[in-house]
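The first chain written gets the first letter, and so on, giving A, B and C; residue counts start at 1 in each chain.
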Amino acid sequence: MPLNIEKSIAELEKLGADLYHKDFLLTWQKSDAEIHAVLKIAEILKEMHAQNIAVDMFKTGLAVSNFRDNSTRTRFSFASACNLLGLAVQDLDEGKSQIAHGETVRETANMISFLTEAVGIRDDMFIGKGHTYMKEVAGALDDGYRNGVLNQRPAVVNLQCDLDHPTQSMSDLLFIKNHFGGFENLKGKKIAMTWAYSPSYGKPLSVPQGVICLMTRFGMNVELAYPEGYDLLPDTIEVAKKNARASGGSFKVSNSMESAFKDADIVYPKSWAPFKVMERRTQLLEKGDQPGLKDLEKECLANNAKFKGWECNDRMMALTKAGKASYLHCLPADITDVSCKAGEVSAKVFEGARLGTYKEAGYKPFVIAAMIAACTKKEPARLLGELAKAARKRAL
Amino acid sequence: MPLNIEKSIAELEKLGADLYHKDFLLTWQKSDAEIHAVLKIAEILKEMHAQNIAVDMFKTGLAVSNFRDNSTRTRFSFASACNLLGLAVQDLDEGKSQIAHGETVRETANMISFLTEAVGIRDDMFIGKGHTYMKEVAGALDDGYRNGVLNQRPAVVNLQCDLDHPTQSMSDLLFIKNHFGGFENLKGKKIAMTWAYSPSYGKPLSVPQGVICLMTRFGMNVELAYPEGYDLLPDTIEVAKKNARASGGSFKVSNSMESAFKDADIVYPKSWAPFKVMERRTQLLEKGDQPGLKDLEKECLANNAKFKGWECNDRMMALTKAGKASYLHCLPADITDVSCKAGEVSAKVFEGARLGTYKEAGYKPFVIAAMIAACTKKEPARLLGELAKAARKRAL
Amino acid sequence: MPLNIEKSIAELEKLGADLYHKDFLLTWQKSDAEIHAVLKIAEILKEMHAQNIAVDMFKTGLAVSNFRDNSTRTRFSFASACNLLGLAVQDLDEGKSQIAHGETVRETANMISFLTEAVGIRDDMFIGKGHTYMKEVAGALDDGYRNGVLNQRPAVVNLQCDLDHPTQSMSDLLFIKNHFGGFENLKGKKIAMTWAYSPSYGKPLSVPQGVICLMTRFGMNVELAYPEGYDLLPDTIEVAKKNARASGGSFKVSNSMESAFKDADIVYPKSWAPFKVMERRTQLLEKGDQPGLKDLEKECLANNAKFKGWECNDRMMALTKAGKASYLHCLPADITDVSCKAGEVSAKVFEGARLGTYKEAGYKPFVIAAMIAACTKKEPARLLGELAKAARKRAL
């Protein structure tokens, strides 16, 4: 059943959320109304796109894409989101630029923003750095806007940092919300956010951290499971606990994939590196200690290898609610016998869930667009209403 | 004489071609009506551009550019074409992306296409791979569209593969069609598609293959000439033979540049590597066998050097019809004493034909735009008619 | 006080300048009326942007960005300028393209321009090359346009060459014009364009050359100061002398930072390499003589180090008019104890001037846009008047 655009806009209005001139960095800094507003805008934009209604709310304007780590899907999601709104993406490629030559973040942030409406940043490799960097950029933009350097305050959107991956977790959330027929139906549902084996190391922590911090807000029973030692950042565990208490859900940490999968409605099996390893890695990277990095990788892979049993396969899926849990993944998954010899998920389980994971990913461009719209428009509901009424064709 | 837009649109309508939701991969998979429809749309778009009429039939939307081989002109042609239609180009740079990290083609194709209308691919280095890859992408997009992952089916456009280079050959065709005053005047004209000497090796086969397979459809007498051993892919030879028979033209293969140039109305002298060499090269590249590649290059260059006589110069041109054949080249040409010591063409012959080759290249952006328009619009004739009638200024 | 758009457009009209189908390469090739026209358009565009009025005078069209040296701010300025006018930027990355493979400049210039409206070039590393290259590109575009290869003549904009950096110097000029309340108030003002110490070498000469050649046109007293040996290109010195004579200002060269700063209203302390060194560097770069380049760098840094006293600090600033000269810099500055141990400017002086330098930089996108508009539009005043009257919202 397609979304009722008019009704959704009215609901958005009623939320009374105000993100204007703010950024979207961490879900746990946002109120429930703000989270719901972004999700609502995302769904409205997605439906308007499906109905071929133009939503280019900017005639001109730049969007800066600053990727400090590789990415296909998030890069394209950001580009798609910006294009949908009418913005042109300009990459801030630190190889090409003079950033490495002593420019301060403060200066660069202003220099790239004279005609910029949104800055999307991915910086997830260094523990303690990514979120800090985004805050610095945001602070510099506040400074520039306040002092008349910039005509407009560009919105900073976190495309993945060391703490959170909000565009991912909110896409995941929209997918399961629609799968189960509404937010109210998520209450009491069990979601297993579990580590899974992968023949690689150094995968960021932001996905599991983002998931446990967001899903605990919706009355779900969240079980985080990982082999001993594969801890997440302690602060995010505290956020998840607090959120679960407030929402009437629960949050549990275990060291058993089986325990997490038991009666789960949703499973999210995904590899990550232990927080402590990521900290050591950050230090080695900062020192440029290549032999140290090699040694760390070797040590970690050897450690990972002890937990090859952490694979999402038929045996594991059989433990879930009626054996039919929804499978989530941020993609790309390490698929046993497809992308590697032994990985996070069996080919059979993945194939069964494949189209679902594509649709899950399909929310991301609209979630990013919604964050930009919410942070740059004073009255997004009014504006969306006007665009819906005008109903200009996007593609003639 | 400028094109009559209204008349051309009526002719387009009459062709009754239907490319909607299809791709443009190989000319020989397309009916005559489909080929003519794309050419007609290209000419209409070119004339509308000349008359400063906006043809941005997309208000927003992405076009993905996936270049697996270097290119200036095709890259710019694709960017120009997409921009003309209102699409924003996003490069799928496999260095930047996670494609190398185990993603399947199927997944990537969908991940980059949520808001994408066209995917342009250049993949011409590996015999047996390029066309196969494009079909895989197209299949993945069919799958995603059919299953509701994608709101729209992006058109895949072949920007050069191991088999064909349709945007090139169709630009070549438009150039000679207009040069000789219409398709009917191409009947009985002789075109010499010949190998020419170049101090480089490994040039793709797709240009000569594309030319012989396309030009044989228009009643031309096509002579393909190359030194012994410089064969093209056998399948394309079969296509050319069949096309010639059907069109009332002829197709001949010889080992003499002189024979091909004799009484030719059009000459297309261009270097390429032997099919067998490209096959060996593909295998060596796959194995990453650098010494093997060096050896192969050395062997080939030594072999090329035996055929330095295959140069398009005054002596050769004198053999052509009244000494005045049209000279075609996909550019850049290896010009003797300009870009190299001895090359495909003498400086004098090239300089005489230079502006012609530029104009030949000038069709390409419009051919690409036409392919995208034909494959993404249900009724391109109606749409072009509306745009022509509205006559919005492209540049104020 | 915001600019009166209507009044400015009337003033622009009165200037009667005609830049249509020309390029913007060197300020000293432009008449006063032409310089004032570009500055006027820049200010009008800046005010229209501030008032959220769309100025996208192109519905579609490409802008080619050709950076032969690194850059953050100029790259973003160009991208911003083009986007503001409705053009899409396509990078001509010579790594990606076939330019290195023997294509002539003439051919490439046409191949990238079939749907192109502007070509921005940065080529400042090689003495005697950058400006020459730009002229070649411009000549090739003339040739293509004249011969019907191109439907339109793209404007070439100098984003920094070996001689001039007009988008920088004209942004500097707009900043001080507005700071002092009008061009008439610049008469008799003293500006110190001085060398300053930096722990790097090889910085281009185009900024000081551009500044002395432009500021001397406005009746200012320009003092150029540098340590013995750090000469600029002799031709530009001659231009500055001539301009000063014509404008009723003065131009003096000294070897003392103190002398230049004495009673200055404006200071522009900035490092550069001696002209002779840049010439030697050009030759070494052409030969690919890495050891020679290393030696040259070592020699130069040792020489630079003799002039660490050339720092803009409180002591120097105290010498200026009432101790309160305006500080200019093209950014990024080498700031002592911030970006390096000892640099061009003390942290305290820079911090005091920081927001000013940001605003100075903020003119650049609009100066570039103005150059493009002036060179591609027959009647820019009429067009701006229409856009101002229509007052379409840029951001809804």
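Everything that follows uses one rule, which is that contacts are C-beta pairs under 8 Å (C-beta built on N, C-alpha and C of every residue); 3 or more make two chains touch, one makes a residue touch a chain.
In this text, all values refer to a predicted model and were calculated from it rather than measured experimentally.
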item: Fraction-based call for subunit C against subunit B, same above half, different below; value: different
item: Size of the rotation, in steps of 5 degrees, that lays the CA trace of subunit A over subunit C; value: 120
item: Centre distance in Å when subunit B and subunit C are each reduced to the mean of their C-alpha atoms; value: 41
item: Of all residues in subunit C, the ones touching two or more other chains; value: 88
item: Subunit C - residues contacting subunit A, complex; value: 49-50, 54-56, 67, 70-73, 75-77, 79-80, 83-86, 88-89, 331-332, 334, 338-340, 355, 358-359, 361-362, 364-365, 392-396
item: Residues of subunit A defined as touching subunit C within the complex; value: 57-62, 64, 88, 90, 92, 96-99, 101-104, 107-108, 110-112, 114-117, 144, 147-152, 376-377, 383, 386-387
